[in-house]
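Two complexes follow with subunit A in common, the first pairing it with subunit B and the second with subunit C.
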Partner chain A sequence: MKRALDAAAFLARRAFGALVVVYLVVTATFFLNRSLPSDPARMIAGEQARPADVARIRTQLGLDRPVGVQYLAFLGRLVHFGPSHFEREKTPDHATCGHLGPLHFDLGRSYQQRKPVLVILGDRLPYTAALAFSATALAVTLGVVSGVLAALRRNTAVDATLVGLALLGVSAPTFLLGVAIQYLFAFQLELFPLNGAGKGLLDAARHLVLPTLTLGIFGAAFYTRLVRSEMIETLSADYVRTARAKGLSTLRVVVVHALRNVLVPLVTVVGLDLGALLGGAVLTEQIFSWPGVGALAVRAMRDRDGPVIMGTVLVSAIAIVALNLVVDFVYTFLDPRIRRARN
Partner chain B sequence: MATDARIVETKSAPPPGVTSRTRAFRRFTKNRGALFGTGVLACIVLFTTLGPLLARHAPNTPDYDHGMGPFGTPLGPSAVHWLGTDTIFRDLFARLAHGGRLSLTIALSATLVAMSIGVGVGVVSGFYQGTRVRVDRLAEGLGGAGLMLAGIVAPFSSTAGPRALGFAVYLGLFALLVRVLAAVPRILAYARKLPSGFDRADLVDAMLFVAAVLTLFRRAAERLGDVRFVGVAAAVLVATSLARRKLDSKSGPRQPTLDVDDVFMRAVDVLLAFPFLLLLMAIAASVEHTDAATLVLLLGATSWTWIARIVRGKTLQVRSLDYVTAARALGRGTPGILLRHVVPAIGGLAAVLATQLVAGMIVAEAALSFLGLSVPPPTASWGRMLEEGRTYYAIAPWLVATPAIVIFLAVLALNLVGEGLRDVLDAPSSTSGRGA
Partner chain C sequence: MRRMGQVRLASAARVASWALIACASAIFAASFGLGCRGGKRPPRGRVSNATEPQRGGVLRFSIFSDLPTALDPAVSFDTETAPLLQMIFSGLVTYDAKGNIVPDLAERWEVLDGGRTYRFHLRHGVRMHDGEELVADDVKRSAERTLAKATGCPAASFYDHVVGAAAYGKGEANDIAGIVVESSHVVTFELDAPDATFLALLVLNFMHPTCKNAGRTYDPSYEDHLCGAGPFKLGTYQQGRFLRLERWNGYFVPGLPYLDAIELRMAVPTLTQRFELERGDVDYGREFARPDLIRFQSDPAWAPFGIPSVEKSTYGESLNVEVKPFDDRRIRQAVAAAFDRPHLEKFFEGAARITGRLLPPGVPGHELPVREQVYDLERARRLMAEAGYPYDPVTGKGGYPETITYLTGESEGSMRFAQLLQYDLAQIGLRLEIRAASSSLYYVLSGRRRATSIGYTGWNADFADPSDFFEPIFTAASISEEGSQNHAFYSNPELEKLLVAARAELDTEKRLAMYQTAEQLVIDDAPWAFKYNLLRYEVLQPYVRGYTPHPLGLGYFRDTWIDAAAQHAMRSPFSPFTSEGGGSLGALLHVPRAKSPRLPIDPLETELP
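The block that comes next holds the complex of A and B.
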C-alpha cells in the first residue's frame, strides 16, 4: 500500500514537472511566432489587397491587440471550460474546440486551410503514430537481434560485419538513406509506391513500408551499438557466470538473465526516440510525402501559418515529455534497485 | 572477457619514460578505423580548400556550350565537366568544392559556438552544484545575458541581429517581473507590520515595473528589433540593478533562492523538450533570409544542450576528486582550480564531443537545406545540392548521388575519428569494445 502511494506521489510530481515544461515550450513558441517578420493578415489577404482589408483581417484575427493580451487570450482558449455536448457549427464560441467532457481545448483556426487546428492535427496524428510505432518496432527488433549476436560472437567476422554495418547506418542521416531507399525500391525496382499514403488501410500499409524502412534502419544502427556494448558488459558480470555454471543454456542465459539488464538503458533511448518520432518525423515524412505531423509542420513554416505551427510544436513537446515520463516509470518496473533508491 | 583485454594491455604497455601523450598517439595510430577516418577527413578538407582553385568553372555560371545535353538535359561526367553538370548546366565539381567550403565552415563555426555555450554551462552547473543564488539576482543575470548576447549577435548578422534584440527585450521584461515577484515577501511582511526590510528599493522595483509594463510591453510588438528600444530596456535593467544594490538591506524575510545547477539543468530539460528540427525551422523561418552567419548562430544556439549535460556530469566527478580538494586546501582560488584542474580534466571529453558535433552540424545544415531553409540560391552547399538534385534522380541520378556520398563520407570519417579519440582520451571503459 505504501509502495503504491509512493509510486503515485512520484508520478504526480513528475507529471507536474512535465506540465511546466510543456507550458514553457508553448510560451516560448508563442513569442517566437509573434516575432515572425511576415504579416499573417497580409498573407491571407494577398499581395494586392487594399490596406483597409488587411487591417480588417488583422482585427478579425485579433492581431492588432498588444502581445501580452494576445498571449493571455491564447492561454485562456488553450484550456477552458465549456458545454459537454455541443455542435461545432451551431456554437460560434466553441467552433474550433476539441473537448473531454466539459474541458475544452482550442488552438484556433489555420490561416491557410481555414479549418480548426485540432481537426487538422487529428487527421494527421494517426499517420505519424503509425510510422513512429512501426519504425520503432523494426528498429528495436533489428537492433536487439544484431546487437546480441555481435556481443555473443565478439571479435569474429560476424561481429565485425554487424559493427561495420551499424557504423555505416549511424553515418547515413535519414534524408540520405530515405532518398536512396526511395530510388532503389520505388523507382528502380518498383516494389513499393514512390510517395503519398494511398487510399484505404491496405494501400496505406503498402505506402508505409519505405518510410518505416528508412527510420527503422537508422534507429537499428544506433540500438545495435548500444545493445552490443551493454551486452558485452553484462555477459562478464558475476551473476551471468553463475547462471552459466548452473548449466543453463546460452539461450536461457541471454534471454532470461542478460537481456533484462540491457533493457534498462535500451528503454531510455527507445522511449526518447519514440517521443521524438511521435512529434513527427519531419525529414522522412517530407521525402515520402507521408501526411503526418512532420510534413504538416514543414508546410506551416513555409506558409507562416501561426496557429498550425503552435499546434505541431505542442504535439511534439507533449510527445517528448510524455514519453520521458513513461520511461521514468517503466524504469522502476525493470530495475528494482532504482525503485529502492527512490523510496 | 574484460580481463583478457587487460592482459593484452599490460603486455603491450610501452617502456617507462614514455609520456601519456605519445602513448595516446600510438594507440590512436593503431586503430585502423580512426586512421582511415583521418585520411578521408584530410582528403575532404584538401578538396574543399584546393578544389575551388582547381575547378575550371565558376560555381554559379551555367555553361550552355559544353554542359547541356541534346534535349536540354544535364550532362554526365566528361573531360570538360569532371563530375558533370546540374539541371541548369552549372559545373558540379565547382559547386561541390565551393559548397563543401561553405558547409564545412558553417559546421565548424557552429560547433565552436555550441561547444563554448555547452562547456561553459556544463562546467558552471557542475562546479557550482549546491550553491544557491537569489532568484531576483538570477533574473537580472538572465536579462543582462540576453541583452549582452543580442549586442554580440547584432553586428554579425543583419537578419538574426534585430530578432535577437527583440527577444532580449522580452527577457529583460521577464527579469523585471521576477524582480518584483521576489520583492513580494517583503511587501507582505511590511503590510503585516513585521520586520520587513521593506524600503525604497522595493518602491523602485514596483514603480519601474508598472512603468515598464505600461509603456514597453504595449509597444513591444511593433518595436521588436528597434535598437533604441533595446537601449531603453537595457538602461532600465542596469539602472534598477544598481539602485537595488545600493539600497538593499540585510534584514527582513529570506529571499527565495535556487540551486545554480538546478536552474541550468531544468533550462536544458525545457530546451530538450523542444523538437530540435522544429525549433531550427521555426527560427530559420522567422529570419526570412538565412545567411551563413545566421545559420551558424542558429545551429550553435540550439545544439549545446546535450554537451552541457555530459560536461556537467564529468565536472561533478572531477570536483569531488582528491587533488581538487587538496588544491582548495592549499588556498588556490576558484578560477585557478577551474583553469588548472577542471578544464584539463574535461579536455579529452570535449574533443570527442566536438568531433561528434561537427558531424551533427554537417547533417543539420544539410537537413535545413533539404527543407529549403538554408542559404538562399544560387549559393551552393552540400545540402542544397542534394535538395536540388533530388527531384531529378530519374534522369540524372549523379546530381543527388555526388553530394550524398560526400556528406556520408564526411560524417562516417568524423564518427570514426571520434571513436578513435574516445578510446584514447576518455579512459576507455570495458564497454567501448574495439572501436570500429
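The block that comes next holds the complex of A and C.
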C-alpha cells in the first residue's frame, strides 16, 4: 500500500512539473510569435491584397488588440468549461472546441485554412505517430542487433564494418539519405511509392516504408554505436564473468544479463528521440509528402499562422514531456536499484 | 550442450553480421550503379497522331504547395487555387485563350449609363452541380456571400464601387442594393462610377455563382461540398494532400470537358515531381528546380513536350521616392540605366524575360510601344554627376557618400540578384549593403513608410487589365503608413488624372492609349527599375493533348484530353517508346500500372443525371 502511495505521489509530482513545463513553453511561444516583426493579416490576405482588405481582416481576427489581451483570451480558451454535449454548427462559441465532458480545449481556428486547429491536428497526428513509432521500432531493432553483434565480434572485420556503416548512417544528413532512398527504391526499382500517404491501411503501410527507412536507418546508426559501447563495457563486468563462470550459455548471458543493463541508457535516448519525432520529422515528411505535424509546423511558421504554431508546439511539448515521464517509469522496471532509491 | 549453444550463437552472429553487411553493400552498389544511368524512360515522340479529342482518362499532377488557404471562391486569393476554382465555378464572363473577355454563364451583356450599369443575360438551362438551374438569384446570393462581413474576403475592396457593397460589407445593410435581379435570367450591377475594368473583375472567382448549399456567408465546411457550374465537380478533397475533380456531365458546353477526372497531389517536393514525371506517375509538371528545368528544356526527348509562357508579372527594384537619395528623380533614372540587363539575361538562362517596362506580355497595352529603361552606364554616371554625386570609376572616389541598405528575400536566388545589383550600382557610385529578410518580415519592411530606400519588388496581375499594374502600386491611394503596396511611395498627379480617365473610358483603343502615356510616365519617373518578367515552363506527357497555358492560370484543363493509344504505348513496361526498352524491377515484380479504359464520347454522358 505504501509503495502504491509513494508511486502515486511521485506520479503527481512529475505530472505537475510536466504541466508547468508545457505552460511555460506555450507562453514563451505565444510571446515569441507575437514579437516577430510580421503581419499575420497580410499573410492571410495575400501578398497583393489591398491595405483596406488587410486592415479589415486584422480587425476581424482581433489582431489589432494589445498582445496581453490576446494572450489572456488565448489562455482562457485553451482550457475552459462548457456543455458536455453540443453541435458545432449550432454553438458558434464552441465551434472550434474539443472536449472531455464539460472540459473543453480550444486552440482556435487556423488563419490560413480557417479550420479548427484541433481538427487539423487530429488529421495529422495519426500520420506522425505512425511514422514516429515505426521508425523508432526499426531503429531500435536494427541498432540493438547490430550493436550486440559488433560488441560480440569486437575488433573483427564484422565490428569494423558495422561501426563504419553506423558512422556513415549518423553522418548522412536526413535530406540526403531520404532522397537517396527515394531515388533507389521508388524511382529506380519502383518497389515502393515515391511519396504520399496512400488510401486504406495496406496502401498506407506501403507508403510508410521509405520514410520509416529514412528515419530508422539514421536512428539505428546512432543506437548501434550506443549499444556497442555499453555492451562492451557490460560484457567485461564482474557479474557477467560470474554468469559465464556459472556455465550459462552466451545467449542467456547476453540477452538476460548484459542487454538488460544496456537498455537503461538506450531507453533514455529512445524516449527523447520518440518525443521529438512525435513533434514531427520535418525533412522526412517533406521529402515523402507525408502529411504529418512537422510539415504543418514549418508551413505555419512561414505563414505566421499563430493558432497552428501554438497547436504544433503544444503537441511537441506534450509529447516530449509525456515520453520523459514514461521513461522515468520504465527505469524502475529495468533497474531495481532506481526503484529502491526512489522508494 | 552449452558448447553447442555457444557455437550456434557464434555462427548465427557471424552469418547475421555478414548478411547485414552484404545487404548494405548491395544497396550502396545498386544505388551507385543505377544512379549512373541518369534519367529514365524519356518519351521518344508521339506514338499516335490522333487529332480528334477523345473523352476519358484521368490527368494527374503534383504541386509543391499544400494549398494552405481555404479552397473557396469567396476567400481564395492566390495563383495556385485560382485555376482549380475556375474549373469548379464558372463566372458570368471569362477569358478566351487569347485573353479576350467572352460570355460564359451570361450569354450576353450590356454596358449602360456610360459604364455605370452592367446588365447580364444568363444562359437558359445551365445546370449547377446540384442539378438546379442557374438563375439570377444565384448570382446575387453568391456575390453577397463573398462580400458579407463575416466572410472576410481578401479582395472585397475590388467591389466597393458596386452600389451598396461597402455598406453591406460593414454589416450596415441587408443586401447589396446595386445588384438587381430583374428577372429569373437577368441581373444588373450598378456602380458608383463608370468602370471599364468591371468585366475583368467578374472573371475572378469571387463573383462566381455557387450552389445554395454554400450558405449566406463563408463556412469552412463548404470546401468539402464545393458546388458551382464549372466543367468539373468536386470529387475528393483532403486539405494539403489530395484533390480530385470529376467531369460534370451537365456542363453547359456540349462535349466538354474531355477528361474523366483531374487528380492533384499537394506538398510534393520539386525533385519528387521530376521523378514522378519521368516515371510516368504524373501527366503534367510545371515546378522544377533549376537543374531539372534545364534538363527538361535541353533533353531532345522531353523538349518537344515543353510549353514556355510568360507570367503576367513584372519584377524590379523599388526606389523609395520619399527617402534620400531616391527622392531625386535623376538618381532613380541612373539606377534604372545602370542595371546591366544583358548580363541578367545570361544569368537567368532562359528562366526570365528581361524587360525595361511595366506592362508584361499578355496584359492589354503591352503591345503598344514605349521608351523602355535600358542599360546605359555612361548616361547613368552623367545623371549621378548632375545630381551632385560624380563618380570616378578609375579611382573609385566620389558617388553617394553613404551606404544604402537594400532589402531582399532570403532565398539564394534573391541574394544572387542582390549581388548583381550591388556590383552594377557600385559602378556609378551607389554602395549597397544587402539585408535579406524572411517573406513575412520583407512585407512589413517594404510596406512601412520610410523604412526601406531600395528593395526587390514585383507585381503579379490580379486580373489581366493594365489598371491593375498602376492603381495598386503607383497611386497616392495605395500609400499607407503600414502595409503599403506602393513600395516606392510614388504618386504623380498627372498619372492619377490619366488613370481615373482611363478607368472610365469604354473605348478600348482610347483607353489603352491612356495607359501607354501612363506607362511612359512611370518609366521616366523610375519609381521602379524594371528588370524581368518571369517565364513558366510546363511539361506534358506526349499523350496529353489540347492543353495551352490559359489566361485563367496554369493548369486549366477544361479543353485538355488524353490520347489513349499513345498513353497505352507509353505505359507498357516493354514499350519500344521508352528509352530503356523495358520496365523496372518493380514493373517486373508487379503488374504494370493500371490503364484506364478509353471510350469514345458517348452522347448519353452529356445528359443531365
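Following the convention adopted for this analysis, the second predicted complex is superposed on the first by the 335 of 343 C-alpha atoms of A that agree within 3 Å, B and C clash if a C-alpha of one lies under 4 Å from a C-alpha of the other, contacts with A are read in each partner's own complex, and residues count from 1 in each chain.
Here, contacts are C-beta pairs under 8 Å (C-beta built on N, C-alpha and C of every residue); 3 or more make two chains touch, one makes a residue touch a chain.
Since we're looking at a predicted model, the values are computed, not measured.
When both complexes are overlaid on subunit A, subunit B and subunit C end up clashing with each other. Judged by the touch definition given at the top, the superposed model places A:52 against subunit C, while subunit B stays out of reach.
When the shared chain is aligned, subunit B comes close enough to touch A:229, but subunit C does not.
Shared-chain residue A:118: touches no atom of subunit B or subunit C. Contact with subunit B, but none with subunit C, is seen for A:32 once the two complexes are overlaid on the shared chain. Of the two partner chains, both subunit B and subunit C are touched by A:183. With both structures placed on the common chain, the touch criterion links A:278 to neither subunit B nor subunit C. With both structures placed on the common chain, the touch criterion links A:213 to neither subunit B nor subunit C. Judged by the touch definition given at the top, the superposed model places A:97 against neither subunit B nor subunit C. Legend: residue contacts after superposition of the two complexes on their common chain; A:297 is shown touching subunit B, with no touch to subunit C.
Under the contact criterion defined above, the residues of subunit A that touch both subunit B in one complex and subunit C in the other are 36-38, 179-180, 183, 187, 286, 302, 304. The touching residues of subunit A, when paired with subunit C in their complex, are 36-39, 42-57, 60, 109, 112-115, 120, 123, 145-146, 149, 152-153, 158, 161-162, 165, 179-180, 182-184, 186-191, 194-197, 247-251, 286-289, 291, 295-296, 299, 302-305. By the touch criterion stated above, subunit A contacts subunit B in their complex at residues 21-22, 24-25, 28-29, 31-38, 66-68, 154-155, 163-164, 167-168, 170-173, 175-176, 179-180, 183, 187, 228-230, 232-233, 235-236, 276, 279-280, 282-283, 286, 297-298, 301-302, 304, 309, 312-313, 316-317, 320-321, 324. Interface residues of subunit B facing subunit A in the complex, by the touch rule stated above, are 1-2, 33, 163, 166-167, 170, 213, 217-218, 220-221, 224, 269-270, 272-275, 277-278, 281-283, 285-288, 359, 363, 366-367, 370-373, 386, 390, 393-394, 397, 400, 404, 407-408, 411-412, 415-416, 430-434, 436. Interface residues of subunit C facing subunit A in the complex, by the touch rule stated above, are 2, 5-6, 9-10, 13-14, 16-18, 20-21, 24, 27, 30-31, 34-35, 37, 40, 66, 68-70, 75, 77-78, 152-158, 160, 169, 218, 220, 238-242, 265-269, 271-272, 275-276, 278-279, 281, 438-441, 443-445, 447, 459-460, 462, 472, 478, 480, 482-485, 583-587, 589-590.
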